[in-house]
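For reference, chains read A, B, C and D in written order, and residue numbers begin at 1 within each chain.
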Amino acid sequence: MKIGLVGLGKMGNNMRARLKKGGVDVVGYDTNPDVSDVPDYAALAAALSTPRVVWVMVPAGRITDSVIDQLAEVLEPGDMIVDGGNTKFTDDEVHGKQLDAKGIGFMDVGVSGGVWGLENGYGLMVGGSQEQVEHLMPVFDALRPEGPREEGFVHAGPVGAGHYTKMVHNGIEYAIMQAYAEGYELLAASDRGIDVPGTFKAWQRGTVVRSWLLELMVKALDADPQFADIDGYVDDSGEGRWTLEEAIDHAVPMPAISASIFARFVSRQEQSPAMKAVAALRNQFGGHAVKA
Amino acid sequence: MKIGLVGLGKMGNNMRARLKKGGVDVVGYDTNPDVSDVPDYAALAAALSTPRVVWVMVPAGRITDSVIDQLAEVLEPGDMIVDGGNTKFTDDEVHGKQLDAKGIGFMDVGVSGGVWGLENGYGLMVGGSQEQVEHLMPVFDALRPEGPREEGFVHAGPVGAGHYTKMVHNGIEYAIMQAYAEGYELLAASDRGIDVPGTFKAWQRGTVVRSWLLELMVKALDADPQFADIDGYVDDSGEGRWTLEEAIDHAVPMPAISASIFARFVSRQEQSPAMKAVAALRNQFGGHAVKA
Amino acid sequence: MKIGLVGLGKMGNNMRARLKKGGVDVVGYDTNPDVSDVPDYAALAAALSTPRVVWVMVPAGRITDSVIDQLAEVLEPGDMIVDGGNTKFTDDEVHGKQLDAKGIGFMDVGVSGGVWGLENGYGLMVGGSQEQVEHLMPVFDALRPEGPREEGFVHAGPVGAGHYTKMVHNGIEYAIMQAYAEGYELLAASDRGIDVPGTFKAWQRGTVVRSWLLELMVKALDADPQFADIDGYVDDSGEGRWTLEEAIDHAVPMPAISASIFARFVSRQEQSPAMKAVAALRNQFGGHAVKA
Amino acid sequence: MKIGLVGLGKMGNNMRARLKKGGVDVVGYDTNPDVSDVPDYAALAAALSTPRVVWVMVPAGRITDSVIDQLAEVLEPGDMIVDGGNTKFTDDEVHGKQLDAKGIGFMDVGVSGGVWGLENGYGLMVGGSQEQVEHLMPVFDALRPEGPREEGFVHAGPVGAGHYTKMVHNGIEYAIMQAYAEGYELLAASDRGIDVPGTFKAWQRGTVVRSWLLELMVKALDADPQFADIDGYVDDSGEGRWTLEEAIDHAVPMPAISASIFARFVSRQEQSPAMKAVAALRNQFGGHAVKA
């Protein structure tokens, strides 16, 4: 099988390598000519045989919109676009309809695994029809981890379901990271002569909390046992927020995931306006000193 | 009626003034000779007629323990000590037993109102026996706000109940402050040309959220509309923590009050160890840049 | 001044009464002919002199959309519609543009006060132009509480600002209610012989937590001291959810308000799917018994 | 090596089996004569050669206190007791001092792994001196999982550190379970035709959220895909509460772990007193109907 791949950044480049290793031929396009296999979208289309499959692996939002628009200009009825980025599931429906009007198919795939995917394989959550999924299976099989297919790949549902399940995956991920982080902070604060890195290391086998994220925590503590060179400033990619918005919309209580998102928001504030307000109130009623 | 009052700081001094205005004679003692009416505990005891009543208004913990110890040396069976500080309710039981062994009575009073109490009166929550409460009623009537007694005074229960209800009062107070603070932060962030101080001012009459704390918020915004001169650093006095510990002990869910306590903890951290851990994890799996 | 008022339910009917008491003439229209002053929208328009002002006081969402559509059919350029319902601020922009295309003015007003507004006056948060606000001032003055105008009324900002500030008001209200409720639950659980209703009653004067909601809590406890006849099932009106969505959108941490919303979500579940999952997990790793 | 083992319930029995498989001879004692190797504590002591080692594996609290008291009667100076139960770390200090007065050594071990430990090995967190740890290493090596010792065993620190780190482990565990549970509830509620069990199954390889608890979630969903036969009622064993208390004591923000504990508290309430209070308040201000 031979597919097009738009976006050869950190993720796209690794995916190209894994696809090739798995026997899938890839024609890559990127706006950076140093890494691109072809000069433009027309050349990308020309390099593929019909029905073409083009996998889009670019930042979510306007960039993905624009790439899909430009691909729609060069593709033909019967071709298919696969969005493997971190697109919001509601955009999938828009893209799907837009492409359907031109006879072009559309699928969405949530891809997990980060920089480790090249080696470990990528966890794949796919939205689309049964027929589409079967057509792309050689691609999915090349990307997904070794082992039984259903343990690293799911046809999650219709278009949008791939990104929806990936979104929830990331919401869960936020709260798991927060869980380890809260435990770490308490152990580090406990002042009882506890071997904190050794404790995390020992949790890797036999315990209830063993996980891949724990293994990464061990690596991180090996590299910097007190996180002395790391700033407690944490971005969020959007998927946690969407998860929380969906929870609100469905009246699903989400106290732990929301806590992990709010902790990230706070981490990015030099000063908390809310805490300024609380400090001001305490000063008003109790004459408590205010730092300025 | 004539009582002793130990502790003539910000609170004690104002309370002495309000007691005198309310017809209660006060002999004050403080370690600071400039404000003390008598040179020592013996002189305090000598200045009161039996059965003596001494109100203690000093910081909770070891200082309160020490004052009660020293008073126990100079008082006699039949006398009574009233602890009006922010003592933990579990200490009340200890103090009560300790004094009971000497025949000295003990009551605990939670006192609310801060620097405004001199003018507005103090909200009083009292722990002790029915007989004790009746004996002290002239003192309570002088301290409490104008209006019906039961709207600013309660015999909350046996010894410990005064501080227990004051503790819960403070837990509630934390969460109410947090509520206004979160709303303030959103309004300030909304970037829609909203008159934020004017909005808080307008909430003072007719709305569901009108309260005394709202009025203080309006005063604070009048003085500094963007809290430019206030640091978002907020201490906690212990009572919020004890409220949460009691909740844990009774399996009472307390998500809003705990959130307001945790927000204070975070406000005092230069760097969050937990967020360092999350940043380190993100760097491990996604190659996300880490600020240093 | 004479205005039209569409919607004569619990709120609208009370507002009509207060407007008339304040010297504003009202022509009311409701789909219920028993309370309506006129048979239809055309008759409503005919009963008002130009430039007409029609205040809409109906449920947010499709009903408000439909009323505005129908009013737009019978009003003329220069007339004005005021939406006093609980509309989402994003809908205000849609309504404003839609009406502007016909030369009809639009304002949004957040109205607080519930069933007590007839007697106490309504807290008003207004979105619109300075000119519009001045034109409607006699109406606002009739509706708002006694006392200084700025303590019960605010021109919060441009169109949408009225509903936006009312939305945040409601978010704050949720968390304040949750604060009292958590404190109540702990006091009720404490098993220390505490007079719980008496304690809430005593907090009404002199304390830091005194508020109008506290007074309502006292009324509720007077009526039913253990809430024996009340089900712990709590709806939410949407404004709390929108507040939280806005917080997410602006990266504003909102732990206490979100906690109060999630507590309502949980209160409406017969069984929590999340807790089923936790119970299933505990059974898997610990052999803990599972209730069925 | 030959040790005594008190407590042959679900955990103790499995541990005896794994110890024997690992070459450690075990004399077991239990109050249930059907499973006990010896009739009483004296016989247990008599069956072991000095310096004796007795591992205690009974429920935390009064039962553990009582077993340690009784062992202290039959052991001699130079012997050692190892508490492998879920004892609170503050009790370890008490037990340590009590035994030290008799010349008997004491160690605490946090044991993770549940019913899977027999097969997988037990994650071990140990508190004690370096000398004690080395003496017991054959026992730890028999119990811990295959693989490098430091990945399933840690000498966490002095007496108390074993149970302290196990306590934090369990706090983290609560929040991780809550994370998956919240994600599950949203997926189940999403109504988008999503294959929920298939999605969890596919997360087992390649994704960021893969973990042992995820594998158990997959097993649980295999057995009952909608948790139809499981009640959403979740106990807590105490260690989560102690984790939160320690966090409060050290001013460590713990929003996600606290949320997971509160969710369990709520899960056990037929009716929430707090939500009754909120419902009562809404009825007071808005005339909202109250369910009874």
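Convention: a contact is a pair of C-beta atoms (placed from the backbone, for glycine too) under 8 Å apart; a residue touches a chain by one contact, two chains touch by 3 or more.
No experiment lies behind these values; they were computed from the predicted model shown.
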item: Chain copies touching (chain A, chain D) - same or different residues, decided at half shared; value: same
item: Furthest chain, CA centroid comparison against chain A; value: B
item: Distance from chain D to chain B - Cα centre to Cα centre, in angstrom; value: 38
item: Whole-Å gap between the CA centroids of chain B and chain C; value: 33
item: Per-residue multi-chain contacts in chain D, two or more chains; value: 114, 178, 180, 182, 185, 189, 208, 213, 251-255, 259, 262-263, 266, 272, 274, 285
item: Complex interface listing, chain D residues touching chain B; value: 208, 241, 244-245, 248-249, 251-255, 258-259, 261-263, 265-266, 268, 272, 274, 285
item: Residue ranges of chain D touching chain C (in the complex, touch as defined); value: 10, 114-116, 177-178, 180-182, 184-185, 188-189, 213, 216-217, 219-221, 224, 227, 229-235, 255, 263-264, 266-267, 271-288, 290-292
item: Complex contacts: residues of chain A adjacent to chain D; value: 112-114, 117, 120-125, 144-147, 150-158, 160-161, 164-165, 168-176, 178-180, 182-183, 185-187, 189-195, 198-199, 201-214, 243, 246-247, 250-257, 259-260, 262-263
